[in-house]
Structure formats: C-alpha cells, structure tokens
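Here subunit A shows up in two complexes: once beside subunit B, once beside subunit C.
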Partner chain A sequence: MIDTNKTTAAIVARCQELFDDLEFGSAREWKEAGPNRRVVAYMPIYVPRELIHAAGMLPLGILGGGENLEVIHGDAYYQSYICRIPRSTLELGVTGRLDFVDGFLFPSICDVIRNLSGIWKLLFPKVYVRYFDVPQNFDDEIGGRYYVQELTELREGLERLGGVRVTDEALRASTALYNENRRLIRELYAVRAEAPWLAPTSEVYLLLRAGMVLPVEEHSQLLRDYLAAVRAAPRPRRDNCRVVLNGVFCEQPPLNLIKAIEMSGCYVVDDDFTLVNRWLLDDVPLAGDPLRNLASAFLHRSAETSAKYQPDEAKKGKFLVDSVRSNGAEGVIFAAPSFCDPALLDRPMLESALDRVDVPHIGFKYAENSAQMQPVREQAGTFADSIKLWSAP
Partner chain B sequence: MTITAGIDVGTGCVKVALFEVGEGTPRWLGRAAERVRQRDPYRLAEDAYDGVLREAGLKRSDVAYVATTGDGENLEFHTGHFYSMTTHARGGVFLDPSTRAVLDVGALHGRAIRTDERGKVLGYKMTSQCASGSGQFLENIARYLGIAQDEIGALSVQGQNPEKVSSICAVLAETDVINMVSRGISAANILKGIHVSMAQRLAALLKGVGAFDGTVLVTGGLALDAGLVRALEEAAAEGRMRVEVKSHPDSMFAGAIGAALWGGFRHQKLQARAQLAIAS
Partner chain C sequence: MTVKIPTPSAPPSPHEAVKEASMLKQKEMIARNYELLTGTAENGRKVVSTFVPGNLNELVMCFDMLNNLPEINAIQNGMKKLSGGYIEEAEKRGHSEDVCTYVKADLGMMAKGNLAPNGKPLPRPDLLLLSYTGCFTFMKWFELLREQYKCPTVMLHVPYQGDGHATQNMRDYIVKQLKDEVIPALERASGVKFDIDRLREYLRESARAEDDLVRVLESAKRKPSPIDAYFGGVFYIGPIFTAFRGTPDATEYYRLLRAEVDERVRRGLGPVTPEGDMKSQRYRLVVEGPPNWTSFREFWKMFYDEGAVVVASSYTKVGGLYDRGFRHDPDHPLESLADYCLGVYTNHNLPQRVALLEQYMREYEADGLLINSIKSCNSFSAGQLMIMREIEKRTGKPGAFIETDLVDPRYFSAANVKNRLESYFQMIDQKRQTATAA
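Our next item is the complex of A and B:
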C-alpha cells in the first residue's frame, strides 16, 4: 500500500509550499509551539548550525526573497551595482516578515553581506546579530585556533540569547543529527548523479530549500521519504547531456532557471546550491572537543568552492574538475548572480582549469528575480546539442 | 535499420517526420503538418505522430528515438530534444546538400544559421523579440486586408512600388499599414513592402553570421511564400551578397527532418556506448 503523503509528487508539493512561503509560516509555528523558543536566521554560505540546534533553537536559512518578492524598501540601502540578495533580505526584514527572528548570523562571504550585518544591527537593535567570520589560513595552530575562538564566541552569544548553557554533550548530539542530514544529502546527490532522470534537479533543489526552514530531524525524514519514493517510481530516461552547475551558492537562481536548464536537455549531476548542506564533506567526529572537531572539519574537510580561499594557485579549480570526473559530467554551466564578486572573480580561473582538461563550458548571469528564460534555454540548449552531437564518441 | 521520428512543435504549426536511418541515405517514411489554430499543440503533436506511424504501418515501440525540436521538450514520450537551429541546419542540408546557410522564418522568429556540409551549426543569429519580422505579423496584416494566406506570395510579386513598413516594431508597422490603406496603396504593394522590410532584416542576420556566398535555404512556415523569397533575393543582391536564395517544397519540415536525423545519429552513438535512452 503506497502512502500517498510520501509519493514524490506529495513531497515535492510540500517543499514547494515551504519555498513559496515568504512569511516563513513553518518556522513561526515551530516557535509558537513551545515557551522560550528562539529562531536564529543565517545567510549563505556556511554557519555551524549544530551550535544553534544545541542551544535548543531553530536555524533558519534566509536566501533572499526570490522571484516573487517585490523589492521596494530594500533598494534604498544599496547601490544599483550590488547584487539583489541583500536588498530582498532587507525587504523581508523591514516589511515584518522576519519579525519573529531572535538572532541573525551573517557569515563571511563578501563585503556586501558583511555590510548587511551592520545595517541589520542598526535597523533591528533588539535582534542578536553577529558577523560570523571564518579563517583564511588553514593551519590548525593559526586559522584553527582563530576559528575555535570564533565558535566559542558564537556559543556564548547563543547562550546569552537563550538563557541556556550549550553543553558539549548537547553539541555532540546535534552534530550527530547534522552528520545524518549531510549523509542523506550526499546519498541524494549520489542517486541523482547515478540516475538524474529519477531525481530532477528542480525537485532536489526544493528539497534542499526545505532544509533551510525545517528542523533538521524533520528534514532528514523528508529526505528519507523522497529517496524511498524516487526508488519506487521509475521515470523515463531521456537522452540529455550531463552537466555540473557552478556559481549558484549565494543568491539563488529562480526555480524556472533550473527548470529551463533541465528542459533544454541537460541533466545537472552536481551543483553548489545551498552549500551549507554540503560544505563539510564527511562526518564530523563525535569524540573529543566538539568545537575543535567542527574547526578541523572546516579547515581540512570542506568543499573547495569560490567561497573558500585557496592559497595554492595550482590547486584552483581542482575540486570542480574532480566533480566533473567523479560525476561523469560532460560539461559545466557557470551561472552566477549579477555583481557576485566571489563567483565572477573565480570564474576565469575555473574556466582555465576546465580548458586544460578539455571540458566544455558556458556561462551566464542571473538575478533571483530573472523572468526571461528564453536566453537561458537558448544557451543551455545549444550547449547540450553541441555536447550530444560533437563530443568524442 | 533504425526508425527515428522528429517532432517540431512550432508556434503556428506542428510538423512530424518519420525516417529510416542506417548506412547510406536516410529514407523518409512519413510526414504530417497540422496548424495549431488555438488547439493544444502537444495533443496535436501526439495525434499527428500516431497518425504518421499508422500510415507507415508502425507502432510506437518500433521507433528507436523520438526527437523533439521547437517547443517540443514538454512532450512526455520524447527521447531527446534538439534546439531549433541545430535541427533546421541538418534538415536544410538534407533537403538541399548545397545548403551552407538556413533562414528559418516561422510564426514568431526569424533565424539565420550558417552550417557546414554535415549540418553542424557554425553560427547563428535571430531576430529580437518583436514580432514585426515574423509570419504571425504577416498573417495578421493579410487578415486585415482580407487576403487568404496562400494568396500573399502571388500578390506580393506583382507589387511594383512597395512602401516599406517599420521593421523594428509590429505596432508601428501595423500603423504604417493602416495609413497605406487609407492612402489607397494597393494590397500588392503593401504586401511587397512588408516582404521587403522583412527581407532586409533577414539579410542583415545572414551577414551577421558570415553567410556571404553559397546556397541559402529558406525553411519554416514562410519558406513557401514566393513574395518573401523574391524579396530575399533582391535584398541579397542589393547587399552585394553572392548567395543563391532557395526554397524547397518540404522546407516547412526542415526542423522535424533535422530532429529525426540527429536522433538517428545520436541513437547510433549511444548504442556504441551501450547507453541507450528510453524512447516513448
């Protein structure tokens, strides 16, 4: 007997509902379900959500306002040559959509997001706001010590916010839950890379976005249900080419852009959406000092993306080339938000790395509210054709 | 031998072509073209496809690769999809092997595609979003003038003193036409004027892709419009292009033909890799 609530369509519909909800109803409900519950929001790309969870709080990923939010007030705070995510995030704030949020973490990704942390402090003085910096040095004794101190300060800040102690035991328990969540996401990505027709990226993306607003326990169950559902319901395999999508780690592309790429004849077999889920590449050890373990994972077992400083020029792009090879991709589509410094400054170096190993690539830009998809379809479609027809036999 | 099908879902018309491919020249087994006329194009495409199979005495399971083009990527039973310039280039070379550039003029867009002898796209340019260079615009004007579509070409070639219309904006162009009617300009000269405007715009696209010589095959829904083909010849001569503008009785099937043939090519490639996609 099939549980109709656990079919692919039902799970995706639930995720779509969460994705469309700019009032963050599920997070509000979570907060109202118990006394003294706190919600701590965070922006892309990476924050240690284990710490927030261990403090008994709900980590809430804010990835801008998307394509359906009209930005009116947000434009007043930034110049026209700045990307859209800080404007739409401000719009969410000043229109009261985030009035239930008790804390907001702005991780180090670029100057725009760092400045947004300052604006947030001025606009919302009652909210616990922290610019969460990360090391650019990957030596345990230098960057590691710095990062442990950063984590310690965050832990203390959360303790003050919640009036609770974040014990090592609680942190280990939370780390175990996030290890499981990351393992399920790795499994989802492996299924998609193996048989992308079973798990379209437009669905995978919605599942990842659900993880931004749901408690980790609920999200892990959703992932288990989806994995079971896709394995139980075969879908036709199309003759599409296999591509890696790169550059979509901060301001998110409109869902229609992902659909347009897929409709153009591309199977996305790897991507860098919502990297908070896949920043740490494997399980964080549970034995020992939990903060040191988180720091060590960040330094030595995290994704080499545009958001992470790579001091060795010879290694620049290796992570992407490895992804192309290990996922059997035939090309790379670079899609970056307009004015995104981390993605656009890295792109020439990544393109060079691909050129050296003869991997074809194309690139275009978008904003989270881009509506005209015809150019994307045209570029991705002709790219897919060229790979399918003219690549080596 | 391998059976492949190409389905071209256009804005105004759905075309289906069925082929047998293998060693030697592909054999064209069947075809169908259905004007959309406010019907569901996907339902129409499916019915047309089934009709072509029936006439050829074949079943869906006999087809190794169903390739779509145009807006056909939403057809549930397709194996693979190819973009329009890819398929029109291949279809153009199939219809006339001397083809080195294709002008695909359909209901909404005009495209210039430069190709090599294999049908590989070497470059392309298309009209911008405005519909004034398109078949839909021409169809609207013909309706205002009370002229049947298949009379457009014959009337246009009679025009001796064409008045050019705006080639940039369909709204301005329609205003131009209204003014001409009120000034008593004949339908032949109005239509010729529209064709001249469209041809100049399309000739600029051809130049843009570097198609200065060789055969240019007109494909798409307007390929059989003798007035447009004549105007294109004149525009090419005016622009000192050494091209021979041609049409073919089956030009409107170029997209579907190209899709079917690329589908066959792709099927063989996948077969060699033991990675066949699942058709229908």
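Our next item is the complex of A and C:
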C-alpha cells in the first residue's frame, strides 16, 4: 500500500511548506523541543555543519528572504547597487524572524557577506557571530594547517556558546551522518542527470532547501523517501534539451525562475544551488583526527566555485566543462544575481572555457524577488530550440 | 633637477616653491618608475604586478623586480579621463556593467594597447602576485589577467580580521605562504636569491618614511588644518602605498613633505588646493571611502569653495594604519610583512572601521562624517549606511552619504553631489546654531 505521506507530491508539498515559512517554524520547534538547544545559522557557500551538529546544535541555512519577503528595513542598510541577499537577510534579522538564532556563521564568499558579519555583530551583540574564513592555499602544511586551527577555534566558539564539549567521537558520528546526506544528494543528482523527467529541478531544489532547515537525520530520510517515490512513479519524458545551470550559489533565484527554465524546454542536469550540500565531493574518512579529515576534504576534494581560487590556469572552468560532459548536457545557462561580483567576474572565464570546447551558453541576471519571468522563458526557450536545431541529425 | 627646500631664511613666499619640492619629487619618481616599467626590453628588469593594499614592495625589491600596480594605472587613466573608454571596451568584450570598474578599466586598457601614462606600452608581467588582502575582487581580477598573460601567478591569502583582531594563526599562515610559496616564486621569476638582510634594510627605510607620513597626517588635528587629509591625502600616501616604500626616494619625499607641512603650520596656513591656499575653514570633515578620480578636481572644488577641509579619511589607510602605530619592523621582517597585510583598512571588520572613524571624529574635532560610497567597491561600500548610523549615534554629529564611482564617469553626477554637499553643510550650520542656542 502506498504511504500517502511518501508520494512525490506529499514530499514536495512538505518541502514547499518549509521553503515558504519565513518564520522558520520547524527550526523554532526543534529548539523548543529540548532544554538548552541552540541554533546556529549560516550563509552560503560552505560551513562544516558537522561541527555544529556535533555540538548538539541545529545548523540553519539562511539564503536570503526569497521572493515573498517584503523588504522594508533592509533597504535602509544597502545602496541600490548591492545585491539583494544581504538586505533581505537583514530584514529577517531586524523583524525578529531570526530571534531564536544563537549563532551565525558568515563564510568567506565575497565582501558583501564578509561585511554583513560586521553588521550582524553591531546589530545583534548577543549572537555568536563568526566570519568563517577558509584557506585559498591548498597545501596541507600551509592552508591545511591554518584551516585546522580555524576549525579548532570554531569548535571552541561553539563549545562556549552551548556550554558543551565537542568530542572527537561526536564529530565522527556527525561526519558519518553528513557523509550519508551527501551520498543521498549525489544519488539524487545522478538520478536527475540520468532521467531528469523523473526528478524535475523545481522539486530537487525544494528538497535541497529543506536540507537548510531540517536536522540532517530528517533530511536524509526525506531524500530517501523522495528517491523511492520518483522511482516508483514514472513520469513522461519530454523533448527537452539538457543544460547545466551555473551562478546560483548565493542569492537564490525565485522558484518561478527555475520553473520557467524547465517550462521553456530545458532539463537542468547539474547546478550550483546550495553548494553546502555537496561541497565535499566524497565521504570524509572517519578514522583519525576528525578536524584534519574535514580540512583535507576541503583542500583536496571540494567543489569548485567562484569564491575558491583556482591555482592552475589550465584548470579554470574545467569543472564546468567536466560537468557538461559527465552529465550529458548540451549547453550552459549562466544565471547570476545582479551586482554579484563573484558570479559576474567569473562568468567570462567560464564562458571562454566553454567556447574552447564548443559548448553553447546563454546568461542572464536575476534578483531573488524578480517577478518578470517572460524574458527568461523566451531566452531559455530560444536557447533550447537552437540546441535542438544544432543537434538535429 | 633643483628643488628648493624651505629654510627659515627663505621666505617671503616659499610655500609655492615648498609645495613644488615634494610634488616635483613625487612626479619625478612616478615618471621614472613608468620609464623603467616601459623600458624593460632595454633595461632587462623583471616585473611583478600586484595590488596596493598590503603590497609587498620591500620584498619585491629584494629581487630587483619592478612593481606594477594595476589600481594605480586605473587611477592614472581615471584622472586623464581615459578610463571611461576602457570600461566601455571591457563591457563590449563581455564584462558585466555591474562589476568593479577598476577591473574593467585595466582589462580595457590592455585591450587597447596597455599604454602607460608616458604613452609607451606596459610590459607583460613576469609574475602576478595576487596579494589577496581586503578585497574579494582581487582574486577574480588576477584570474582574468592570468588568462590573458598566461604568466606565473602566486597567491598570498591574507585572512580577514573577522573578529576584530589578527590572530597568531593568521600570522603564521601568511609567513608560511611567504616562505614556501611567494619567495620561491619571486626567486624563480627573477633569478635572484632571497637575502633577508636586504629585506631588513628596506624595512628600516620604510619605517623612517612612515614616521614622517604620520606626522603629516596628524597635522590635521590643528586648527586651521595645514593639509586636506583626503584630496591632498591621496597624493601624500602615493609613494608609501606603491612602488616606493622602502626606497631612499620615499624617505626623502616624506622628509620634504613634512618640512613643508611644518612650515605651513608655522605660518598658520591652510591646505594647498589647485586654486592656491585654502583660506577659510568652516567645516572639518572625516571622509570614509575612496574618491572619484574622473572628476577629482571638480569634486575637490565643491569642498574648498565651501570652506570644507577633510581632516581625516579612511581611504588614506588602505595601505596601512601607520597612524595607529604600525611600523615595518626590520627585526621581524616576515612577521612584520604579515602584520602589515593583516592591518590594512579594508581588512578590518565593520565594528573596527566604525571605532576608527569614531576616534577620528573625536581626535580631529570633526563636524561630521561624509561617506563617498563607491558603486564599484563592495569591500568599502557594503555596510557604509550602517557605519553612518553608528557614527551619528555615537558622536551626535551629522553624517552625509553621496554615491559616485572610482573611474567610471557615468556614475559621477556633479549636480547631485553638489546639491547633497550644500545641504549637508547647511545641516552642519544648523546643528551648530542649535548647539550654541542650547
């Protein structure tokens, strides 16, 4: 008998509910469910959530306020030529929607998020705020050593925040849980790349977003259920082209934009949404020093994106070309938030890498609250048509 | 070249000549450097390109290499009104209108022949030294340059002072990068072996000039201020922030400058402006943010015409907070370079920046804080409205916010800026009147 809670539609509806909830009800409930529970928020791209989990805390991904949040106060903090995610995040903060958050990590992705860490310190002095700097040097003895110490400081900070000890044992157990979560997400991506009609990106995206707010154990279960559900309920295949979506690693596009791309005839077979979910490319070893293992995974086996330096010129953009090839994509859609230096400065280099191997691409900009989808539909539709035309025998 | 140096027996009108002494000296230094840079085919010198904040000039000199700073080229092009065309060229080639215009001015300049201010082409760098300090865009900028030049590139990653201080871990990380990556890369590019004693010598020289610079900057605490710490300040920091720190030339420049400023103090004079000595000083301002370069003179005039003098600025600290005590230290050469990189203004977190500006407001007895918010520069600009609120709250003095760009003339609206400034000065007047009435 089919468990109606575990159909694709039910799972997606649950994820949609979590996605729409700008009060973060599920995280609040988690916090209230036990004494001394702490919630530690983080922004894109990557923080080692294992550490937060091992401290008995809930990691909470904040990716801005999305298309439905009315930004009233946030605009008073930012000039018009700065992207929207910091202002909507501040809006969440100053309107009390994040008043249950005990700590907030701001990763080193760009100067906007970097400076937001300072604003948060000034506005919310009771919150444990940490700018999480990661190495741009990938030698174990240089960047590795630095990073292990940064992780140690983060661990100590969390210990102080929670009045707990984060033991190596707990860290190994948390790493195992996140390994499993990442495995499931890799599986989900593989299923989508294999048969994108089974797992549309608008659904995959909502599942990823659920991982921002749910405890990892629950999220992994949701992923398992979704994978089982899509395999059990075949969906019709369309004559869509296959594209990789790039540039959506920080400020998020509206859900409607993802739907518009799909509706215009494109199957998204890879993307850089919520990279924190897939940042570490394979399982982090459990034996040995857990911080060193996390550091080593970061240095040698982590995703590539604009915020990370590529020391080897010959490899610039290779990850994207590889993704196109391994996922059987026929083109790339660059979508970047307006005023996003990291995405927009990287784009010409990625475009050159694609041009060298004749992969077609288009690009546009968005804001998390963009409402007009017609231009996107037209652009993506024309792109899909032209790909089909080129690939016609 | 003869340069008149002021002596007490050399009045009555020494200050024009005095002004010229340091200005001529600087002009000559810059011209000579560009001649060297554009003459590498003949002089055989190797070239390293690197960024201004936290630059390692003394280290570069240890390898007999020349230092080419793309931001300075962009500024030169901005002042010569060439940058607008370069930016358009870069945008035509696919660069977004949204991103930092320094990058586009540089890439556009390359596309159009890469001509230095002396009209001769700049050389290809032998090494890109990506000193990643205080600005994310630097990383992309040099990845873009590397794509064009296909030359060796070495990264020096300087962590940000997220918690408001540098840690030992940060220092160790930088020193290790210097030892294991940067120095070997410079050795390879130059063929010169590293000699730490040579570095010590240069650092000693730097510290001498740094003492004099601080004396000059702090002269603005006087009333009237003998300098403008923003419009004049950007010239004063030129040598020490760029390819001259650690050279006897820079030491000499600051000795001259200091003598000139001391002389102005003695004579009770205000700053020198393009239209002569500034007479009345009605408003004392602290300025946050870089200036606009494409209409620099026009911008400055809006201040001195109204009797507004800038007594302290944050932009003149992007190459180091010498006025807060930092000195290059020959006894701890690599550690001192690490501290230097860590300590530049844009590597300070927002609460530190607020605290510094607040101190400036008080120490320099300023009437207000003016923020020139630069469209290009997220490193400076993201958070400036918060900075303004905090300063207003903490000091009770009014703040003002104007928006321009560094080198993109499309974003300098003279009428808007002028209006904004005029109403700001009126606001300061009103505040004063209310204070007097109370």
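Following the convention adopted for this analysis, the second predicted complex is superposed on the first by the 391 of 393 C-alpha atoms of A that agree within 3 Å, B and C clash if a C-alpha of one lies under 4 Å from a C-alpha of the other, contacts with A are read in each partner's own complex, and residues count from 1 in each chain.
Keep this in mind: a contact is a pair of C-beta atoms (placed from the backbone, for glycine too) under 8 Å apart; a residue touches a chain by one contact, two chains touch by 3 or more.
Here the structure is a predicted model, which means the values were calculated and not measured.
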Inset, instruction - Specify the outcome, clash or fit, for subunit B and subunit C once both structures are aligned onto subunit A. - result: fit
Inset, instruction - In the overlay, answer first, second, both or neither for which of subunit B and subunit C A:371 touches. - result: neither
Legend entry - For subunit A as apex, the angle formed with subunit B and subunit C - C-alpha centres, to the nearest 10 degrees: 100
Inset, instruction - May I ask you to decide whether A:33 touches subunit B, subunit C, both, or neither, giving the answer as first, second, both or neither? - result: neither
Inset, instruction - Examine A:287 and indicate which partner it touches, taking first as subunit B and second as subunit C; both and neither are also allowed. - result: neither
Inset, instruction - Go through the superposed model and pick first if A:265 touches only subunit B, second if only subunit C, both, or neither. - result: first
Inset, instruction - Pick one for A:340: touches subunit B only (first), subunit C only (second), both, or neither. - result: second
Legend entry - subunit B or subunit C, by number of subunit A residues touched: C
Inset, instruction - Quick one: classify A:385 as touching subunit B (first), subunit C (second), both or neither. - result: first
Inset, instruction - Aligned on chain A, what is the least Cα gap between subunit B and subunit C? Give it in whole Å. - result: 20
Legend entry - Common ground on subunit A, meaning residues reached by subunit C in one complex and by subunit B in the other: none
Legend entry - In the complex, subunit A residues that touch subunit C: 76-79, 81-82, 86, 106, 108-112, 114-119, 121-123, 130-133, 135-137, 139, 141-143, 145-146, 149-150, 153, 306-307, 309-311, 313, 316, 338-342, 344-349, 351-352, 365
Legend entry - Footprint of subunit A on subunit C - complex, ascending: 93-96, 98-100, 103, 130, 132, 135-137, 139-141, 143-144, 146-147, 150, 153, 155, 157, 159-160, 162-163, 167, 169-170, 172-173, 176-177, 180-181, 349-354, 373, 375, 378-379, 381-386, 390, 403
Inset, instruction - Please give the residue numbers of subunit A that touch subunit B in the complex, ascending. - result: 236-240, 263-265, 378, 381-382, 384-385, 388-390, 393
Legend entry - Contacting residues of subunit B [partner subunit A, same complex]: 65, 73-74, 76, 78-83, 85-86, 120-121, 262, 265-266, 269-270, 272-273, 277-278
